[in-house]
Structures are given as structure tokens and as C-alpha cells.
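Chain nomenclature is as follows: A, B, C and D, assigned in order of appearance, with residue numbering initiated at 1 for each chain independently.
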Amino acid sequence: MKYGLIGASGRLGKEVANVFAEHKHELVFTFDLDGEKLEKEPGLLIDCSLPEVFEKSVNYVKQFKVPFIIATTGLSDENIKSLQLLAKQKPVIQSYNFSLGIQILLRLTKEASDKLPDWDVEISETHHRFKKDKPSGTAKMLQEIFEDKKVNTSSLRLGNVSGDHSVSFAGLGEILSINHRALSRRTFAEGILKSAEFALIKDKGFYSFMDVVFGNE
Amino acid sequence: MKYGLIGASGRLGKEVANVFAEHKHELVFTFDLDGEKLEKEPGLLIDCSLPEVFEKSVNYVKQFKVPFIIATTGLSDENIKSLQLLAKQKPVIQSYNFSLGIQILLRLTKEASDKLPDWDVEISETHHRFKKDKPSGTAKMLQEIFEDKKVNTSSLRLGNVSGDHSVSFAGLGEILSINHRALSRRTFAEGILKSAEFALIKDKGFYSFMDVVFGNE
Amino acid sequence: MKYGLIGASGRLGKEVANVFAEHKHELVFTFDLDGEKLEKEPGLLIDCSLPEVFEKSVNYVKQFKVPFIIATTGLSDENIKSLQLLAKQKPVIQSYNFSLGIQILLRLTKEASDKLPDWDVEISETHHRFKKDKPSGTAKMLQEIFEDKKVNTSSLRLGNVSGDHSVSFAGLGEILSINHRALSRRTFAEGILKSAEFALIKDKGFYSFMDVVFGNE
Amino acid sequence: MKYGLIGASGRLGKEVANVFAEHKHELVFTFDLDGEKLEKEPGLLIDCSLPEVFEKSVNYVKQFKVPFIIATTGLSDENIKSLQLLAKQKPVIQSYNFSLGIQILLRLTKEASDKLPDWDVEISETHHRFKKDKPSGTAKMLQEIFEDKKVNTSSLRLGNVSGDHSVSFAGLGEILSINHRALSRRTFAEGILKSAEFALIKDKGFYSFMDVVFGNE
């Protein structure tokens, strides 16, 4: 495929470019700190940048009229509404985390929360020192599972940790915890590739990475 | 509820009495080393004693005609058959492990193993230094989930740890692990309370603690 | 050894009596809510009671002329001065925390902080849901090790956890963490035993539990 | 500093070049598969290559008359003797493991083992699924700290884990554990940088990385 990449010079952007290159996909458009570079019309757009760039990204999607995969974290409710509007024309896949293990983490957390409604809950996440938003997007997804219940969330910043997430449930006499640890950023790039392949066979619609992984159920 | 407790003076019996008292349930009948004490007719019977008392317990159930929860370990096949007979009249809940968290651990492990068939798996358990058998019974239950797949299992012996169990799944780029840590015997008393509440809304039948936890599915 | 115990019927007092009995030490004098019981002259006195009893305890120490170990919390400056006076005659060991592991945690944290001045640091503590102050006193002691450096500290509240503490150091490529987990009150009784053994080989002087653990350096 | 790098195009060599560049050190000489490149006289030489290149490296050190840091593994006794000879003129730092965190892990483990001689000990290590030897070399170094005491060691193999090591000590009432987790090869490059800074302030002598980390004691 010919694809465009917003945030191409960022850490995740670079990893995406590597993984897509290994699969012979052609990077034909980029937008990052070095500005805009357009070689050919892209058939799909990927955004691995920051919320500040969101409006710009939406305009590119409208301009190229292509499927859109957005991995940007910290989106506002308004941003999500914009994406849902775009999804009426083309497939839009939005997730704060494109790792398979994270999807299982979310799934198991949902199941445990259903079975242990009265237990204490704590969410904890550890990321590299360069990550500025707290808590992480994935931690927010975990929080949302508990709906009305406000769940205390601890954010640790250590070295270049790719991303650890933990949910602990406790009754008075026992603790059950579910933990996920990303070993490299490549995990996410592979999930984005999987999503891109999914988007190309869809007509339109607003999807999560959960749909990409468990869509055939 | 008004309930009766067989083995009331034992370690688990005392814990059960505490937890039930906290929930305003009234202990109206006991049978233990100090003999029989009947204040009022119980609406439910719990047995936290030893197999030697089994016949006596069965007679009490027949006498009071109430739901029965039995946590006694080391029952014979014949004992189980007796329980199944009782279950034709009233609910009977039998389990060797009334820890809710362990049931969830087993369930989530099964689900993860279904979703991640190609991932590496490691089981690990830590118990107090006095525990001689390796691996623990719960670790064996975890192993059985993987059927044909032989799963490496590490056993650690440290201090007076009540019991930690962990199952880790790993793809090349990420690790998902599910951990359980028993903090005290109270765990089991809480499981028995949950079972009692379950028994009171059932008509009759032979149930495991698994049914109590996941029964409404 | 033959020893006396003030506050023998309290929760910590009972634990101390158990641990000392396991080591064949003979309890020959007690003072608690049941009054005074003197079987033989004690060779050492331990106080696990309350500040209200302090004067009484000091009088016993003067009467028996023996080493003194005091675990009472909430002592006044005046109380400490009284202890320092006693220490001119016999060894006196005073601490608000007789957990050996916590002392080692503090010590190893100090050493790691000296060797890894540029690394990221995170402190984390988990306690039972009933603990209202955040962060824990031990977490504050850990923070103080880093002096000017403000260290992010996460506080988790789960079930009836006795107390977990963790300090993590991270360079860009690695993480070193030191963790402590209290399993029971017994910890403190063992620290008092260690202090008693230390006191018996000293002539006189005012010591902390830190001196007991690291005193031969 | 102006420095030279032997094995500059290797995996570790590249990482070293990155880390040194971040600290504004200037790479002025390289020798690797592309041959020799000399821009300026180096003030220090680093060897991240293979034993086959050893003689060549020694000649460069003699030519430039500079401090030497060698991370090459599999050196012979004769090689070590050559290094000791060089060390009579200039500082030479040799180690098979330039991870700072691992050195601290070893040191803290030694200290804890001295202070907690009666506690239970467990060693645990996790590495990528491709690692065939059990236990890891670092786990063996940890075992050696306990001398006569045989310490149970668990080896887990999961995904592409770079290397986790853990030592746990337990008294009956508490657990103290020290854990190390390698996040990337960068760790070793940072250790080499630290060694370079150490070498520049020394006159001459043969040092290990342990000396670099703990040398001022």
C-alpha cells in the first residue's frame, strides 16, 4: 500500500515506518517537525503524533479522502466526535494502544470487574521519562471499564520503559492483578499494520483496535 | 440469616464466624469439640471441620432440612455421593477451595490461553517455607488448563507467604501476566459467605464454588 | 535469657512472647492490664505498651538494673531524655519500627541513591484500605533519603495488605528496584529479639534499631 | 572528550557512539570492518569488538598512549596479561558486563546476605525464549555471593525479555527483594561512558567495572 504518516519523525512514527517498509509498503506522504513532504497521493493515513496536530490531521484525511488510523493519545471528546464524522465517509480506527496483549488486558479486566464488583481497584502504569501525559491513554481505557467507579491510578516514569500497565483487585483477604508489559515499541507498530490491513478491506465506520483483534466474534 | 456452623472452634470456623458476624448474620447452632449448642433453628448449615465428622454433618442437614455448604477437604467418593443425594432436596455447595480470587485466576487464565495459543507460558508459585509439596495444588490446576502443552512451573519457598500464584504469557514483543496473592485465611471465609448467599436463593442442586462465582452465565 | 515484658497482653506483646518462647527464652516478669507478675528477676526488660505506662516502665528498669528495649510509639522529648539518662547505666534500645527488612530497605536505598545519582526514582507503597494517611511513614523515610530531590510517590490502597514498599531506580536502559513486603506483625517481634541479643552483649549506651542491624560497622 | 572506537559498526559499538554523541564527546578514530578512519588523535580508546582483533587493539593503545576500555568477551589469560602490562602505563578498564545496575544488584545482594544470614533466599531470572542455558551467567554470579548456601534458582523463558534478575530474602514475617531489569543494550553503552569518565581522571592501573562503580571507597 501507499500510505501517509503524520508524526513520521517521532519514536512511534519511525517504528511504524520500519515495520511497514519490511512489508514493502510505500511511505509517500509525511508531516512532522520538518514540515510536509508529498511524493504521491497516499491510500491510507496514519497519525502517530500529538493532539496539537489533530486539526491538521483531520484536514489531511478530508483532503486525501482515505482510511485513517489514529494512535494519538490524549484526544478530547470533541476530537472523538470529529473522528466519528470522518467515519461516515471512510474507515477510521482509533485506539490509545495498538498491542494485542493490551486488548487481552482490557478484556480480562472487564471480566474481573464484572465478577468482583465490591473489590478495591488500583490501576498503575509505568512509562519512559519522556512521556508527558498522565495517566497513559491505556490507563484511561482501563479506568473507563469501571464506569461510575472512580479508580485511583498511579503513574510512574522510569528510564525508557516501553509501557507497563497493571490492574489490581483486592478483597480483604486476597489480591488479583493483571499486568501487561510492552517489551518494545515494535508491538504497537505491528498492531498498526494489522489495523491498516483491516481498514483497507472495510467500507467506512468507526472502529477500535478491539474490533480489529476480536472482530470476527 | 440464621446459620449453623460445624467445626466452629477450628481456624477456618472462627474466621467464618467473624465474617458472618460483620454481615449481621446470626450464629444459632454450633457443633465442635465442645459439643453441640442449639439456640435457634438454623436456616443454613456450614461445615468447616474434618472428614471424620462427615456422617454427623449429614444427619444435621437431614434434621434441619436446610441448604448445606461444605469446605471439608479429603472427602471420599462415597461422601460426595451422599452430598449428591442431599442435593436432591436442598442446595449443597462443595469445594476444596473457597477463594474467589483463585476461581477468577483460573477463569482468566483459560481465557488468555484461548486467545494467545502461540505465546510462551510460565507458571510460578510462592509459599511459606513449611510447604513441602511442589508445585502447589493450585499450580497443578493452572497446568491442567493448558492440556497437552507442558508448562514450566517454578516453585519458590519464602518465609510465611500464604500463597502467591502467577501465570505469564509472552509474545515476542509483550508479556501478559495474571497474579493472585492470598493475604489471609479470611479469603476462604468470604467465599463461604458468598456461597451461603447463593444457596439461599436456590431451590436445590449440587454446586461447586465455580458455580457460585460464574453461575449466572 | 530470663526477660520481663511490659504490655505482655497487647497484640505486639503476645507476638514477642511467642517468638522469645520459640528461642527458649524465659518470661519471668510481666506487667499489663492484669497487673504485675514476678516469678524471677529478669535479666532484660521489654516495653511494648503505651506512653501512659512510660514512668512505670522506667521505674522497673531502675529497680531491676537491666538492659531496656522500648517499642512504644509516640514518646515525648522528655521521655527520650529519660531514656538517655537510663542509658548511662545500661544499654537502652529505642525505635518506632523494629522491622529488620525495613532497615535493610532504607540502607540499600541509601546505597543505591549514592551510586545512581542521575537515575529516575519512583517510590511506591501499598497498604490496607483502612489506612488513611498518604504516603505511609516508611515512604516518607524513603523520600528523606533523596534529600533535595523530590521523588514521585504512589500510594495504593488494597484489601488488608500489611504494607508493601518499593523504590525503583532507572537509567535509560535498565531498572533496579528494591521491594519490601510485611507479611505479619511477627516481623516486629523478631526485631525485638535481635535487639535483646544485641543489648545483652553491650555495656551501656543509647541505641536505635539501626545500630542493632548495622552496629558493627 | 575525543575518543576512538574499535568495533564501531557492531551492535554495541553503534550504541556506544550514540550515547557518547549525546554527551557531546567526539568520535575521532574508528576501526571496524570498513577499516581504519583517523580524523584526530583520540584521548581514549574503547574496544567493543571480538577477541580476534585483540592484538590490533593493543597496538593502537600503544600507538596513541591513551586510557583503554575493553568490553570484548572471551579473552584468554594471555590477553588479560597483555592488558595488565598496558595498565602499567595508562588506565585499563576491562569487564564482561558494563551494566551499572547489575553491579549494584550484586553489591546490594551481598550486603543483604551479610545482614540476613538466616533468611530464606530465592533467585529468579527471566530471559527471552532463545536463551538455552539455565540459569543465566548473572544468576550464577548471584548464587556465588551465598557461598556454601545452596540457593534455589528459578529460570523463566518468555518472549524477547532482555533479562530480569531477582533475589528475594524472607524472614517469617517479611520479604525483601532486589530486582534488576535490562531494558536495552544501551545499558552497556552507559556503563562504558561511566568507565571512560573514570579512566580520564586516573593515572594508570588495571580496573574492573566494579572499581568504576564502587572505586571511591
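Note that in this section a contact is a pair of C-beta atoms (placed from the backbone, for glycine too) under 8 Å apart; a residue touches a chain by one contact, two chains touch by 3 or more.
None of these values were measured; they are calculated from a predicted model.
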Angle of the C-alpha superposing rotation, chain B to chain C, to the nearest 5 degrees: 180
From chain A, the most remote chain by mean C-alpha position: C
Rounded Å distance, chain B centre to chain C centre (Cα mean): 37
Separation of chain A from chain C, taking each centre as the mean of its C-alpha atoms, in whole Å: 47
Computed distance of Cα centres, chain D from chain C, in Å: 38
Where chain D touches two or more other chains, by residue: 159-161, 171-175, 183-184, 186
Chain contact graph, described as a line, ring, star, complete graph or other shape: complete
List of chain C residues in touch with chain B within their complex: 159-162, 183-184, 186
Chain D-touching residues of chain C, taken from the complex the two chains share: 99-102, 104-105, 107-108, 111-112, 115-116, 169, 171-190, 213-214
Interfacial residue positions of chain A with respect to chain C in the complex: 119-120, 122, 124, 126, 129, 152, 154-161, 168, 170-175
